[in-house]
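Below are structures written as structure tokens.
Here come two complexes built around chain A, the first alongside chain B, the second alongside chain C.
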Partner chain A sequence: MSATTLSGLASERVKLTRTWLVWLAILAPVGIYGMNWFNFDLRYEYLFPPGTDVWDVVIRNFHMLSSLALPFGATLLAAMIAGLEHQADAWKQMLALPVSRTRIFFSKWLWVAGLLLLSSVLLVAAMLVLGWQFGFAVEDGWRVAAREGLLPFLATLPLVSIQLWLSCTMRNQATPFAVGLVGALFAPPMAGSMIGKWIPYAYPSMAFPSPKNPFDPEWTAWLGLGVGLVTLIVCALDFARRDVR
Partner chain B sequence: MNTNTNMMIETKHLTRRYGTRVVVDDVNLQVKKGEIYGFLGPNGAGKTTTIRMLLGLIRPSAGEVLLFGRELSRHRMEVLGKIGSLVESPSYYGHLTGHENLQTIQKLLGLKKNRIDEVLETVRLTKDAHRPVKGYSLGMKQRLGIAAALLRDPEMVILDEPTNGLDPAGIHEVRQLILDMPRQHGITVLVSSHLLSEIDQVATQVGIINGGRLIFQDSIDVLRRESRPRLRVVTERPGAAQMLLRGQGHAAEIEAGALWLEGGAAENIGAINRELVLAGHTVTRIEEVKRSLEDIFLDLTGKDVSL
Partner chain C sequence: MTQGATFRRTLSAEILKMRGSQIGWMMWLGPLIGAVGGVGGYVQVREEIAGQPEWIMLYAMFVLNYAMLFLPILVGLYTAMICRFEHQSGGWKQWLALPVSRSAVYLSKGLLVLGLLLVGQVLLLVLMLAGGLVLGVEGEIPWGRLLNGLFYGWVATWPLAALQLWVSTVWKSFAAPLALNVIFTLPAVAIANSATYGPWYPWAQPLLAMMPMEKAISDFSQLNFWVIVVGGFVLLTAAGWRHFVRRDVA
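This part shows the complex of A and B:
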């Protein structure tokens, strides 16, 4: 990473002082952990009959929530990071500085992606801790848990680019929110159809490492990474050539 | 490279259209080193659009911007590095302190940390540096904006309506800061306003824009010369008096029942009076009528609206 990218990240970090963003990234996996604790506790016999692959059940139950939380998280974090600038009326000040505009977009993208990665890492820990609390062997589970942390994260990257672009270019955050929520809710059911792989909003739901997953999670993750980087470049270039209000 | 290195800002046929509406029309600005250039025009005349083009925030539909003799479109990073700007309403992160607000720029540009304290001192915000900006008055926010513009020690500062919405004390402080820039730091200033009185008190050069067109550009002294007083003479028989004075070579006009003599006539009030009296006219009143800059501005813009 070049010095300018690092200074962009440092500048963004100052802006996040006293905001909820980092807390959001920490609390989301904690919330998912808490809900699954109830879930496992209430229906233990139903979820884990003798002879089941317990870790597969754990990651699939976590994935049910995280496949929604990741697109929501991307939507929310992008809207909050862009919203700081809209609220501050700061675009005109920042973009008149001798800094490449694509780099400014890139710094924000790295923050959203980085916070989602933090959430995903915490989610891996949450899965392992909860499994351990219910007496499952961590040495059998950490591999699949780590994959459940990483693969859906990579599959979410296209949404980071798209949502950040929407939130940065629109002053009113209602539209980006609507796109993010509708996408996260309605795309996954369409994943099975032919057009599923053309809708990035369906990727996070398709990327869980389980024998019960009809899609190839690794392939979906690579697709997410590829589409994520391409959309990042396209969105950053469009952001750079726009008029600034 | 441009040969004239003294020219800080030069626009050539700068034009911006929104659809078919021409907001900035063939504007040729020229701002020289060390000047305080007052960019004057009524609201909606194209000031902000022009300034946004100067800063590369929006692209011209036609024409080009030269900053320090170099094309902005090709050398954006290099020329913007020497410019500080404040565009319209102040930009500030309300949840951050004044110091942290400046930190976001200091870190982004990799500037020295102590510059923050220096510019806060310049705009007299040292005392409030560690308070959240949402508690600042508008004047303080505007001064913070000026501090942000000064942060990278620019050669030129572009300020768009810096006194808009400020109370008299705030206006005075900002004006003082603007006046100090060329004197103490050698900074060239372009400052826009819709208030002539604002520009009159700080500017050395003036550009007046109206309806997207630059209708006047010269030193403030030239604008002031336009305001030379006219002579108003009231007599009982203005028609005959006009004939007499015209015979003497004075350009006398009758307006609203009184005689009006242009410019230079004011210097020979005594002589004119004597001529009239000797010819048997009863002179009831002679007065100098000064045209205010406001009148000239209204003449130039052809607008009767208040500024």
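This part shows the complex of A and C:
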């Protein structure tokens, strides 16, 4: 990584210290953990009858929340990270610096993706801790928990590019927010239709590493990574040739 | 000018500002999503629920899709949009430098949000009737129950609207109040299931109020539920209002 990319990342970090984006990334998995603790405690008998594949039930219950939380997270983090510039009318000042615009877009993208990765890693820990609390063998669970952490994260990368592009190019964050929201809520019916399952908003819910998932989670994750990188380049190039107000 | 006259003027100024925003089409978004989900859900379960009152079932599918996630999120979107104009480039300073009272500004924003939410409920009803006619839902339309459910669902959004208005006026960032709202909306479904905590949770209250179950509010008596809702609304409005009147704006 070149020095300018690193300084771009560092300058974003300085701006982020005054916000609670990092807290958002930490609190979301903690919240999902808390909800599932409540959930398991309340209906343990129903969820884990004798002879169940316990870790499959664990990741299923986490996936129900995380497959919504990841697209929402991408939407909110992108809106907040772009909102910093919109609010202070800082785009002009920042783009007047001798830093290429694509670099600026890349460093914002890396921050959003990095925070989502942080959330996903914490989510893996949360799954294992909760499983351990309920007496499930961690050595059987870490592999499937790691897959449930990583695969949906990779499948969310296209949304990071798309939402960041929407948020950076539009002054009014209501539209990107509405797009992200509708996309996340309509993921299940999209995944169920022939054409809809190719829309990136459907990927996070499809990348579910369970034998009961009709889609191939690994393939979806690779698709997410590929589409994520392609959309990153396309969005960065488009961002670079736009007029800023 | 009397208090009433200033209030009317601030309210009409708010409505004018709103016209320039995107709230016009956003207002349709929530009810439309509720309708798409509701019609889709109804078609799926139609066979299984044969013999049940069909309009009530249709209503239940609409409400389940709308009030569980979308309505609470929409409340936060409205309050954020209604304060966006002021947060940009010193709008608060300009607005509050005019001879209007801060109370009038705050309360007219709140009233506008409640108005938008009411319009949303009416749109949902219109789409529900249209959906029912298209699907050929049989039986007499249970007007009483539909109107009751939608009206009380609207009242149950008030505490959340008061909370989000408070947060939206304080935080400069547009996305921050939305983030707060989404985070607390996600677990609402689970919390709504809990008889003890559900009625206290502003993000679950609209769903609880709108679901057409006989014992919708579970162990809580109806009266207790409405005491919590109205009490929460009064408290949160008073707190946000007082804070807005006293604090410095940036």
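FYI, the second predicted complex is superposed on the first by the 244 of 245 C-alpha atoms of A that agree within 3 Å, B and C clash if a C-alpha of one lies under 4 Å from a C-alpha of the other, contacts with A are read in each partner's own complex, and residues count from 1 in each chain.
The working rule: contacts are C-beta pairs under 8 Å (C-beta built on N, C-alpha and C of every residue); 3 or more make two chains touch, one makes a residue touch a chain.
Owing to the predicted nature of the structure, the values given are computational and were not obtained by experimental measurement.
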Simultaneous placement of chain C and chain B on chain A, clash or fit: fit
Partner chain in contact with A:100 - chain B first, chain C second, else both or neither: first
Partner chain(s) touched by A:24 [first = chain B, second = chain C, both, neither]: second
Which of chain B and chain C A:210 touches, first, second, both or neither: neither
Contacts of A:76 with chain B and chain C, given as first, second, both or neither: second
For chain A as apex, the angle formed with chain B and chain C - C-alpha centres, to the nearest 10 degrees: 80
Partner chain(s) touched by A:92 [first = chain B, second = chain C, both, neither]: first
Touching partner for A:10 - first (chain B), second (chain C), both, neither: first
Which of chain B and chain C A:173 touches, first, second, both or neither: second
Lowest inter-chain C-alpha distance for chain C and chain B in the superposed arrangement, angstrom: 7
Contact residues common to both interfaces of chain A (with chain B and with chain C): 19, 84, 87, 89
Touch list for chain C against partner chain A, complex: 21-22, 26, 29, 33, 40, 69-70, 73, 77, 80-81, 84, 87-89, 172-176, 178-179, 182-183, 186-187, 190, 194
Chain B-touching residues of chain A, taken from the complex the two chains share: 3-4, 7-8, 10-11, 14-15, 17-19, 84, 87-90, 92-100, 243-244
Footprint of chain C on chain A - complex, ascending: 19-20, 24, 27-28, 31, 35, 38-39, 42, 65, 68-69, 72, 76, 79-80, 83-84, 87, 89, 172-175, 177-178, 181-182, 185-186, 189
Chain A-facing residues of chain B, complex: 52, 55-59, 76-78, 80-81, 83, 85-96, 100, 103-105, 107-110, 145, 148
